[in-house]
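I've put the structures underneath this note.
Note that chain A is present in both complexes that follow, paired respectively with chain B and with chain C.
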Partner chain A sequence: MDKNRVSIDQLALLYLLLVMGGKFLTLPSLLAGDVGHDSWLSVAFSFVWDGICLCFLLWAIRINDGCKMDISAILDRSVSRPITVALMAIFFVIFALRINVLLSSCFKMFSVTFDVSANWIVYVLPVAALAFFALTKGFNAIARMGQLLFGLILIAVVALFVSPFMEVELGALLPIGEAGWGKILLTSYTRSFWFSDYIFIYFVMDGIKIKKHVFAPILISFGVGALLCITLNAVFVALFGYLAPDFDMAMSKIGVFSAASTANGRWDWLTLSIWLISVFIKVTVFIFCAYKCLEKIVGVRFAKFNWIAAAIVLVTLSLPMFVSTRQLLDTVIKWGVIPFTLVQYVLPLLMPLLTATARRKTEMCHE
Partner chain B sequence: MSNFKRIGIVLLVVAAVAVVAGSFKGSDVLDRAIILGLGVDADENGGIILTAEVVSPGNGTEQVGTFSKNVTVKGETINVAIQNIAEVTGKEASLGQCVVLVLGQEYYETVDFGDLTEYFINHHSFKESAVICCCEGSAREFFNKGNALSQSMSLAIATALLDQAEKIAVTNNSLLQYARSQNELDRSGFLNKVSFVPSDNKDAQLPDKEMGYIGYREICVFRANRYVVLLDEQLVKGMSLFLPDTDGETFVSFEDVVTRTVQVTNKDVNIDPDGKGGFEVTIKLTVRYGRTDSEEVNGPISAKGDKEIPQVILDDVAEQARYVAERFLAAQAEYNFDLLDFHEAYRRKQGYSISLADKPMSEFPVKLTVKVDES
Partner chain C sequence: MKISFDQFSKLWRGQDDFRLREIDCGIKLRAVCLDTMCDDAKVSAFVLQPLAYVGEATSIDEVERKLAAGTGVRQPPNLYAAAEDFTNGYTLIFDGQDNCISVDTRTVIGRGIAEPPTSMVMRGPREGFVEDIKVNITLLRKRLKTPDFRIVNLAVGKYTNTAVAVCYIEGITRQSIVDDVVQRLQSVKTDGILDSSYLARYLDVNKTFLFRRVGSTEKPDIAVGKMLEGRIAIIVDGSPMVLTLPYLFVEDMQAPGDYYENSAMTTLSRALRFVSVIASVLLPALYVCLQVYNYQIIPLRFLITVLNASEAIPFSPLSEMILVLIVFDILREANLRMPSAVGISLSLVGAIVLGDAAVQAGLLGAPAVMIGALSGIGLFTLPDNTLILSLLRLIVTFVAGIMGLLGVILSTMAIIVYLCAMQDYKTPFLAPFAPDIPEDRQDAIAQIPVPNMKKRPKSIPNDNDDRRG
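Right, the complex of A and B next:
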């Protein structure tokens, strides 16, 4: 049995975890700094683009049904090998950066919110160990992990939301579009690095087990995730107003704002810890994808666990030891959005065409 | 896989877990001074005097269970003062459970305490939802009245302001709401004023023990973290009429020779910009006769039950409500503070502008309508 096989339902649950994991750390404060109380609109626009691209990607999955071609096979057969390598290199950079930004944000959250200090290497090693263990077990193991923890994480997220949502005055978001629609749209693009979580699907395309529905389960997950993220951003800026750009750990700040819990301890810390599991699942998925990128770049399918590829991924995890997240955001990520657009937003739109082209050139596809 | 390999892997994992676990430096709860509440007073040298109510878990050598004690330290800044708590207690100060921040009278009346609120609002552990208030006299003396309450002063304040205040027509504020009010639009906001009210001691066992309760029916108004004015009980009552989330306002009226207490049970408030720079405010109060144990009852005991309230009393209550509401509006205009978010209402319609933020309250004409119905 292929250990990378994943059902559509598993993929949908995992996708929802990925959408929720990571967007409640530094992103809300960055958006609030850019467009103030209109940041939720930027998030909404980003999800609109994501939704369109996701539909095209799912269409490509439907076309790929019976062929089981992976992303590099599709690109090799439809375009050319050098383009495949170039795209995989871009993917690798995106995954490496996203892993590092997520991990460093969590690291900061641990040290400032929970007052637990450790050095970066000691912090990263257990995460890497978990991810590499998952790699040896295949993507199915990651999907199963997401499936098992999904309910718990969703309850934690909802628990974190409820109190502030009941208390916040959403009228504070008026007037809508005060920052200017052009600026809101531009912010949606410049902060696109945090979105398009569907890019992991490229690397499991060959293992997706399709039964009846492809679109519905994943689009429902996407819709729920998008709604939660937009709501959180709206609540965050409405609650914190002018302070929102300064609060770079949105989830740890938003959970605390409950009058009911003020004299009843810090249960928000418990729910926050549970939610953080989704961030580590996201990191694990992205490490899997980064590893797969290397596999596609060298053009060899690693039969067993490849220590060299794993070591390269591990080395990239040391990036925050030399460059701060702020520096990454102001340099590489700021300018990287342009090449990243290629794989985040252009490639998905072309995927049905590319998959159909590759399919025509493949003889072993089952109708 | 051979047994040797299996044993080797297990040993490796155990060693790795030990190394990793040992590298995370947390801190033992017994090494932390868990602070429940903080009181800030002005120091004559320009610094601050910080009083902390510290809870210490029993650890065998101390009292069993949990108890709190007050420690007082000085510091040039709040940061230094909090660090100095460690000197006095021998433990690292932990602010994650702090529920209340009390400002002493001399401090809030004379000092611009923007840096203090900024410190706590940016503190990663301190809860933005914590209560911030000011007190009569010094915060240090106020915290030392905890014995008279027979409970933690910090928790008593938090309970009073968070759970009880809105039921007796007193609004309250969190650190976050206060910090925002001092930095957004017209930069005015309020803090509840708490005071220790002595009461008679009828305890034969402890006849000399001081007893009392916390009073919190007054409000201090601030602009840009500078003290503006104190709102007395009547003005606070007037303010609460505009706030749909508070209820419990009581009015005393007369029916022939019987004194009747009427209590607000529900409220519908509409504060609508009229498009000409002013507001049309409609307050609809739903009232019922107060219970026999209601406050503000003078003379004969007021009625209890489902008795219909005569129109003459409803009209009288409407008149009284209008009077206190207009008094509050007049105070807003006179001292130029905005606790009803008039500026915010126009911002939501027109967007932010400097001219709006600077607009004095006297330039917001208000057309007030008060209606009273029986529940």
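Right, the complex of A and C next:
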């Protein structure tokens, strides 16, 4: 069995979990800090561009059907090896950064919400151990885990949402576009770093089992995920108004409004914990991708679990011990916004062309 | 092929139960058997009497024809096959030219067919497998009156030469899986197979050390039911446990009587089993981490009750719970190995004296004892996996005590990843949930009425998925 094979349905559910996991931590407050109650519009714009990129990537997957070329093979054959290495290095930085941001948000959530404090390394090591264990089992096992836990996580998210959604005063979102459309669009670009969850698909495209309606399940997942994110952002800013930028743990704060009171116990924490599974799934998927980036940079397919690659990933996870995540994020985005935009929002548009070129070259070689 | 009598007798002469009889019926014959393995009446009726009264014979083939009264008469192809027949209780007849025939004179020893103690049912057949392979095959054959019922006979074990029968239904079971299983069994190199559980380890493709990967049943109706779904049944001589392959985790949730009850009731029972297993593994862990780290989750009144009950306990919540779980496991182990009459007393001593006395003495809190007991009872809904679930429960509880909710989440995810990655004989262990196979959910936790099950499970590779065709 190919341990990295994944069906379209599994991919779709995993994608939705990835959208749900991570975007409800510090992002809503960051956006609210930039554009106030129009933050949900920024999210909506980001998802529009995200959706277009996803469609192009899926088109590329369809072209790749039967060839089983992975991302590095496509780039090697269509452009050149040095460019492949450079792009993989950018991907690695993106994944390392996103893993760090996710983990530090989670770390903060545990220390603030659950009142559990530990140092960074004690917190990161078990998470990394889980991710590396999953890595040895293959991407297929991660996808199956997502499939198994999807229903539970969705119920948890809905349970957290329902009550605040009923209480929210949607009038608080008016007037629409108050921050200025230019600023809203700019924010969706500068913060777009957070939205491209589909980029993990680059690293599993050689193992995707394609059915007839290849696009449908993934696009439905994308639609549901986008709708959930936009709604959560709208609910968040409507609930907290001008205080929203100060509440940096959106899901945790929204949970206060869910069906719980002190006398009945904080049952929302349990649902919150279940939702956190999606964050750890996201971390695991991104660690898988970071590991794959290293594999593709070296240009050798690791037959067994490679401890050196794992150690490099682990070292990047220890960065928040020396530099605050916010500082790290600001610095890297300042210098890396163009390369990041290139791999996340330009490369997908070129992927069908690159895949077709690579396929043609492969077929010519075979002839 | 010639089989030398001298060579053969050299192997066995000197054994106390080795019997040799020389007969002259036109040609000189020598009949040998193991007294302890043969039935005297059969030796007399199927070998000695026909040879004594039928008259002159000129060749071994004629002797074979004269022994028509015996049903199991054949010419073993080589010395190895002759020795195998001989040790199984066949009588071997040699002529002077190193020709040999074997006649089935096996004695029937062992218990009669009875209801298996591990699979009692309210409704449904009460027959259970026994230790004799022939009887067990008969029990399957009785239910599968079709020429498509196939058996591949093997002998495994250098010294025990244990008879193993690989049974399947041709046209349903995927032939590649049968070939794979037969090949694995043929490649077993060991001195002896004393029970089917020995073989189960060899049939576990990925050598998983936590969960069992081969099913087992003591009931022929269950074995046939599984064969009709495309599985293989493996019968081992000397074992009442018949192995079934491929195996799914969801089979643990299915009890022997499920198919004889109303499907709604079955669904409810299975859901209860499912919930109780999850609760058994997670409840002690949640109790510990909620008490140590996240007590705000517990409703206030409940929290006050718990705090009052555990206020004077000298142990930390983690040590207290680990102690309760270990005591429970010790009691269970002792109970299993005690004679049934003593076992009941032991349960009482464990439950009343130990539990109550510990609470009264202020060593353990009543909530911890209650949670430990509830979790322990829940494990028994999956009797085949009690030990492994008990181990997982201890690990998750320990991690929860150290890392709180984060520990529970991470350890649970690790277990799930481990289970999701398991796949033997092209069958994912967690099917039909991971991967999701909607068609197979008809008989997973929820069960649709049996007449509506028109397709065989897709999780099990098969050659014909239509149950009606």
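Here, the second predicted complex is superposed on the first by the 355 of 367 C-alpha atoms of A that agree within 3 Å, B and C clash if a C-alpha of one lies under 4 Å from a C-alpha of the other, contacts with A are read in each partner's own complex, and residues count from 1 in each chain.
One rule holds for everything that comes next: contacts are C-beta pairs under 8 Å (C-beta built on N, C-alpha and C of every residue); 3 or more make two chains touch, one makes a residue touch a chain.
Note that this is a predicted model, so its numbers are computed, not measured.
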Please work out whether A:Leu270 is in contact with chain B alone, chain C alone, both, or neither, and reply first, second, both or neither. second
Answer with first, second, both or neither: which of chain B and chain C does A:Gln10 touch in the superposed model? second
Looking at the overlay, what does A:Leu239 touch: chain B (first), chain C (second), both, or neither? first
Considering only the touch criterion stated at the top, classify A:Ala141 as touching first (chain B), second (chain C), both, or neither. second
Once the shared chain is lined up, is A:Trp181 touching chain B (first), chain C (second), both, or neither of them? neither
Just checking: does A:Pro126 make contact with chain B only, chain C only, both, or neither of them? Give me first, second, both or neither. both
Looking at A:Trp307, would you say it contacts chain B, chain C, both, or neither? Reply first, second, both or neither. neither
Chain C-contacting residues of chain A that also contact chain B: 114-116, 118, 126, 262-263, 265-266
In the complex formed with chain A, which residues of chain C make contact? 293-294, 296-303, 403-410, 413-414, 416-418, 420-421, 423, 426, 428, 430, 433-436
Note which residues of chain A are touching chain B in the complex, please. 112-119, 122, 125-126, 129, 171-172, 174-175, 178, 239-243, 246, 249, 252-253, 256-259, 261-263, 265-266
Quick one: which bits of chain B touch chain A in the complex? Just the residue numbers, please. 16, 19-20, 23-27, 94, 96-97, 99, 121-122, 124-125, 127-131, 155, 158-159, 162, 174, 176, 179-180, 183-184, 344, 348-352
In the complex, chain A residues that touch chain C: 1, 3, 7, 9-10, 110, 114-116, 118, 123, 126-127, 130, 133-134, 137-138, 140-142, 144-145, 147-149, 262-267, 269-270, 273, 276-277, 280-281
